[in-house]
Amino acid sequence: MRIDQRALDQLREVKITRNYTRYAEGSVLVEFGHTKVLCTASIENSVPRFLKGQGQGWVTAEYGMLPRSTHTRSDREAARGKQSGRTQEIQRLIGRSLRAMVDLKKLGENTITIDCDVIQADGGTRTASITGAAVALIDAMNVLLEKKKIKHDPLKGLVAAVSVGIFKDEALLDLCYEEDSNCQTDLNVVMTQAGEFIEVQGTAEEKPFTRTQCNEMLELAEKGIQELIKKQQDALGW
Amino acid sequence: MRIDQRALDQLREVKITRNYTRYAEGSVLVEFGHTKVLCTASIENSVPRFLKGQGQGWVTAEYGMLPRSTHTRSDREAARGKQSGRTQEIQRLIGRSLRAMVDLKKLGENTITIDCDVIQADGGTRTASITGAAVALIDAMNVLLEKKKIKHDPLKGLVAAVSVGIFKDEALLDLCYEEDSNCQTDLNVVMTQAGEFIEVQGTAEEKPFTRTQCNEMLELAEKGIQELIKKQQDALGW
Amino acid sequence: MRIDQRALDQLREVKITRNYTRYAEGSVLVEFGHTKVLCTASIENSVPRFLKGQGQGWVTAEYGMLPRSTHTRSDREAARGKQSGRTQEIQRLIGRSLRAMVDLKKLGENTITIDCDVIQADGGTRTASITGAAVALIDAMNVLLEKKKIKHDPLKGLVAAVSVGIFKDEALLDLCYEEDSNCQTDLNVVMTQAGEFIEVQGTAEEKPFTRTQCNEMLELAEKGIQELIKKQQDALGW
Amino acid sequence: MRIDQRALDQLREVKITRNYTRYAEGSVLVEFGHTKVLCTASIENSVPRFLKGQGQGWVTAEYGMLPRSTHTRSDREAARGKQSGRTQEIQRLIGRSLRAMVDLKKLGENTITIDCDVIQADGGTRTASITGAAVALIDAMNVLLEKKKIKHDPLKGLVAAVSVGIFKDEALLDLCYEEDSNCQTDLNVVMTQAGEFIEVQGTAEEKPFTRTQCNEMLELAEKGIQELIKKQQDALGW
Amino acid sequence: MRIDQRALDQLREVKITRNYTRYAEGSVLVEFGHTKVLCTASIENSVPRFLKGQGQGWVTAEYGMLPRSTHTRSDREAARGKQSGRTQEIQRLIGRSLRAMVDLKKLGENTITIDCDVIQADGGTRTASITGAAVALIDAMNVLLEKKKIKHDPLKGLVAAVSVGIFKDEALLDLCYEEDSNCQTDLNVVMTQAGEFIEVQGTAEEKPFTRTQCNEMLELAEKGIQELIKKQQDALGW
Amino acid sequence: MRIDQRALDQLREVKITRNYTRYAEGSVLVEFGHTKVLCTASIENSVPRFLKGQGQGWVTAEYGMLPRSTHTRSDREAARGKQSGRTQEIQRLIGRSLRAMVDLKKLGENTITIDCDVIQADGGTRTASITGAAVALIDAMNVLLEKKKIKHDPLKGLVAAVSVGIFKDEALLDLCYEEDSNCQTDLNVVMTQAGEFIEVQGTAEEKPFTRTQCNEMLELAEKGIQELIKKQQDALGW
């Protein structure tokens, strides 16, 4: 039995609220149980220097945790003067995952920046971020289409993410903080709507994992991500 | 007539929601119209080095805007590697204002850090922050009292803040962003429950203001702050 | 009786020495008693990026204290790698105050940077800086006029600043360090030659101040600033 | 046929040279074809603050590329004033991988820092780093044993790493730079001597990968890592 | 004939004014012609960590130029967030030179920090700094003696510095800015009262210099430094 | 007798290995005994902003020590976020010395950056760096000639460097670390093939040096540098 009464292969309650704030072209509050992340998508009519003049766009992400989103307060990264290695790792992961959803040529010379700010953290903030950001990104691309800034929809398909892990030698889906900090192995998986992999990042925290455990975790992740994509589709009214 | 149909001396709709997030000892979402700030209070059982061994506590504040809380996206301060002068100015103002509410001796050797994070910005973020942070601070001090970490309530009284300004030669209460960016003069006022001043910060943006205008603005501020203190009291169930 | 035998409404001895150093377009040493600030004005024939192509100029200020200008040595900001919040607050205040003196359109696409470096600090360094910087700025604008770089004098009028405070419940003009660090309330006021306000920044240090005390302080400030403007005029030979 | 005539499941020529420099407690030059990384292990008789007094040790890693280890020169991170996100990601990966080899309790209150500095980069620098660093770490732990600083060997077993990828829909072992920058998917795998997984990090660069491809890549990695562990054992004279 | 009518072996007018500011334990304004440097010495009753518990003191120096001390304004190092390589080189040179004057054992566990801030720069700021700082340091050590914080005078003897150079193939003493920026070779020399060398730093700017030229420059420097030491002695009333 | 059995005027064994790594236009491993420095030269077809449009090139250098190149590990400068004063001093010295070898006009609008990375440090890393970098620079200039990017050889002649010092009152050539850290005086000398001086940097570490000692050291340096230039010529096959 899990700490929060879930079955081993059960997601936490997932909510995806669009238009959560007023100004961003896409603004989504995503909740995986107590984990809450605000994902906003901002359009800028230009591209980073390394892409200038190539007739394509860019999608990038930034990530941050409010200092007291967590059980004990962490330092504010802006005050400390730099982003931690963990923060950079996560925002690079989110950016790569989102770019896999988009035909950058069709995006034209536009940049969409996704900000994922964690309001409350109970494990799985990076996977919730990707899942919510995918929806915010679609909203922003639709703004470009509606305003006739681009002609063709750059969307290649939905992407969602979930964490899986081995806890007391059993595979669990969608770890909460308590499970995450005590599990043997933690695997974050990003997949497309079509059931293919974008990212697989597994780390043995306490003891190494076997090929069999790897397979069990990947299967759980596939199941969870199909459910998450259904939630995204519902939120989008598809 | 004001841009949003308010009377000259009318506040925007003000909401103060306690226990907005789960982990902080005080957690308040404060809304002044479309301006929304999350104020969390975190207790740490120690004091900064300059206060060590003096048998007193400390209250400090940090402030940040989510990159897309505003009409157009601003750089993330954590990514840029430093807090702007404006941010530092505001967090110093919030800290000073909150310390005026507290008997630091009675706080014992505890530090309470208030994080004010702007979720959505439509003018008046610093005054909303102070007004909401005051409530979060009280919640955190009550946690210390309930857990018997301190014996006597350190609270000296409520503090609230509002902006006033001169727009087309008339004094206005509680400026929204549109008004704020077009006004001649902008005055932020912090006052106590007892009707005395903690901070008065007036800046002529476009043309200097007269002594008469200064008086008009201070009177509007007094009126507005009394209403805000009533809102704080309602939220606290006093 | 004041610590230095002054009357409550009496300024310290004020000296304004022009052409204090050789290379700057304006160079003023301003002394308020033992407080000594070197204010230099430097002309650059360009404007910051955000003003490019708008046919107007810019005036900005930087502020610093020599490490041992104070009673005990403070860290050198250049060595520590960043300017303190206090420094940034002060230089933003000086910049705004000086821009109120100038018609930026008439300044053409020129930037004037005022450096206020505190040689010796005995309270009131920000108000002395503004008072001295105003003169250095005029000298620099006259260089532009003489060299025919601009056609019309951009000067709108003089600006000066003074601190006032409440000490043992009495209002005092132009606080020295000893008074400043023990006063209940500290108010910095910037005014124009015409007797109007540019900035009013009041902070209750120890206990809140009443509306009556606010009025007393503003009146003292008005008196003091008129005297300072007279000193500026004398220094300029007007 | 591969760019460098290797079979799909063939490693590049691997060399592991111990005692490459004089002063470090462990010093290994590891070569995967043209990729050359110098891995040094340094012992310090203390632990980071978060471990003080817990009677255990710590193993950590830092990573850097010489500016011209690559085909075109990159900026020196020390001159730019910060480590890139990529660098931080890699050094965190190396550190986690090496800690999986060590019983930190048996290490006592000692810290071993592994520096992985890339002399020449032709793809796979992170996997070469882990493979070489494992040997340098063992040499350093043996110094502690020989000097009787610790009583029991903290080594739990060898760890090695390799990259695999999908290039033109075929799975390849140990990608060189040319392959790495053109492959569809890149997977870095870290395994123990016992054939279990420590880290699996797969990224779809160009198009998503299927579960079948994932399996193919994991099998190639298992094969390659067994060969690398054999090379480590040879180098160690086991 | 030199630009300012001096003979080849003639110093500029040198003035050393003690007690230039009020608070520092030593405060000297040193002038070499138009070059003006304020040198203050501050005592702290502790030593840097690397000297703790060794029963000796420390002398260190910091150097800065006011942004408009020069012909055109330079960036403020505090605003840019770091000290230039040139600044660090100079402050390391000043620190080493001053430590050569002092028996650090006799200084006890005290640190004396010398701040050299350039008010006006016309070449030779580092040599003027050393020459003035030596006097400020002596004044500070005398404060320690008078207050009975130390028993024995730590002074080993005076130290002074001068620049020499080759300009149009002739050796010149004490270069002004104009000469300095056009000379072939620039040599800074620091010597003791006893006529021995502390530092010799020669740089061929435009063309290499011969052994003969090196000798000519060293002789000029010896002459100049003897005159500077005489100036220091006069200032000290010896 | 010296610590390593050398005569007072004897260099350590010097080796200069060209083409040490594959990608750089010049790549030299220079060894002075146990001191080993990798010097790579990288060509970029542009110049720094301050030289744009002047029809000339630029030569610059960067320097770094691998963290465990030394007897005990030093912090990684990239991790600490800044280069030390010592590092900056050395890279400025290397850059100036190399520019003395080159006719920058003939180099065209190209920049050659020399990276000197210390693999193993046993004293004299800056002089070894200059000696090796000179060869790497020539190799890079020859690449420009061969590829017909420039028409005329920019080389003015070879440059090499050596350290000399006074140890127990005797002058020594080419100090190893042990000698360097115990000597009274340390002098680094850079000379041209023609026997003229580029840089002379002498520092009294423990006690001042006399004019006679200065002369002895300069003579030893001249002898050593002639031998080093011979080694460079051999390496270049001249």
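Each chain carries a letter (A, B, C, D, E and F) given by its place in the written order, and its residues are counted from 1.
Keep this in mind: a contact is a pair of C-beta atoms (placed from the backbone, for glycine too) under 8 Å apart; a residue touches a chain by one contact, two chains touch by 3 or more.
Note that this is a predicted model, so its numbers are computed, not measured.
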If you apply the touch rule, which chains end up adjacent to both chain D and chain E? F
From chain B, count the fewest steps through touching chains until chain F is reached. 3
Rotation angle superposing chain C onto its copy chain F by C-alpha atoms, nearest 5 degrees: 120
Distance from chain D to chain A - Cα centre to Cα centre, in angstrom: 28
Distance from the mean Cα position of chain F to that of chain A, given in whole angstrom: 50
Chain C and chain D, separation of their C-alpha mean positions in angstrom: 59
Indicate the residues of chain C shared as contacts by at least two other chains. 81-82
Starting from chain D and heading to chain F first, what is the chain order around the ring? D, F, E, C, B, A
Seen from chain E, its contact residues with chain C in the complex are 21-24, 27, 34, 36, 38, 40, 42, 44, 62, 64, 66-73, 76-79, 81-83, 87, 113, 115, 117, 119-120
Chain B to chain C touching residues, read off their complex: 82, 85-86, 88-89, 91-92, 96, 100, 187, 191-192, 194, 196-204, 208-211, 214, 218, 222
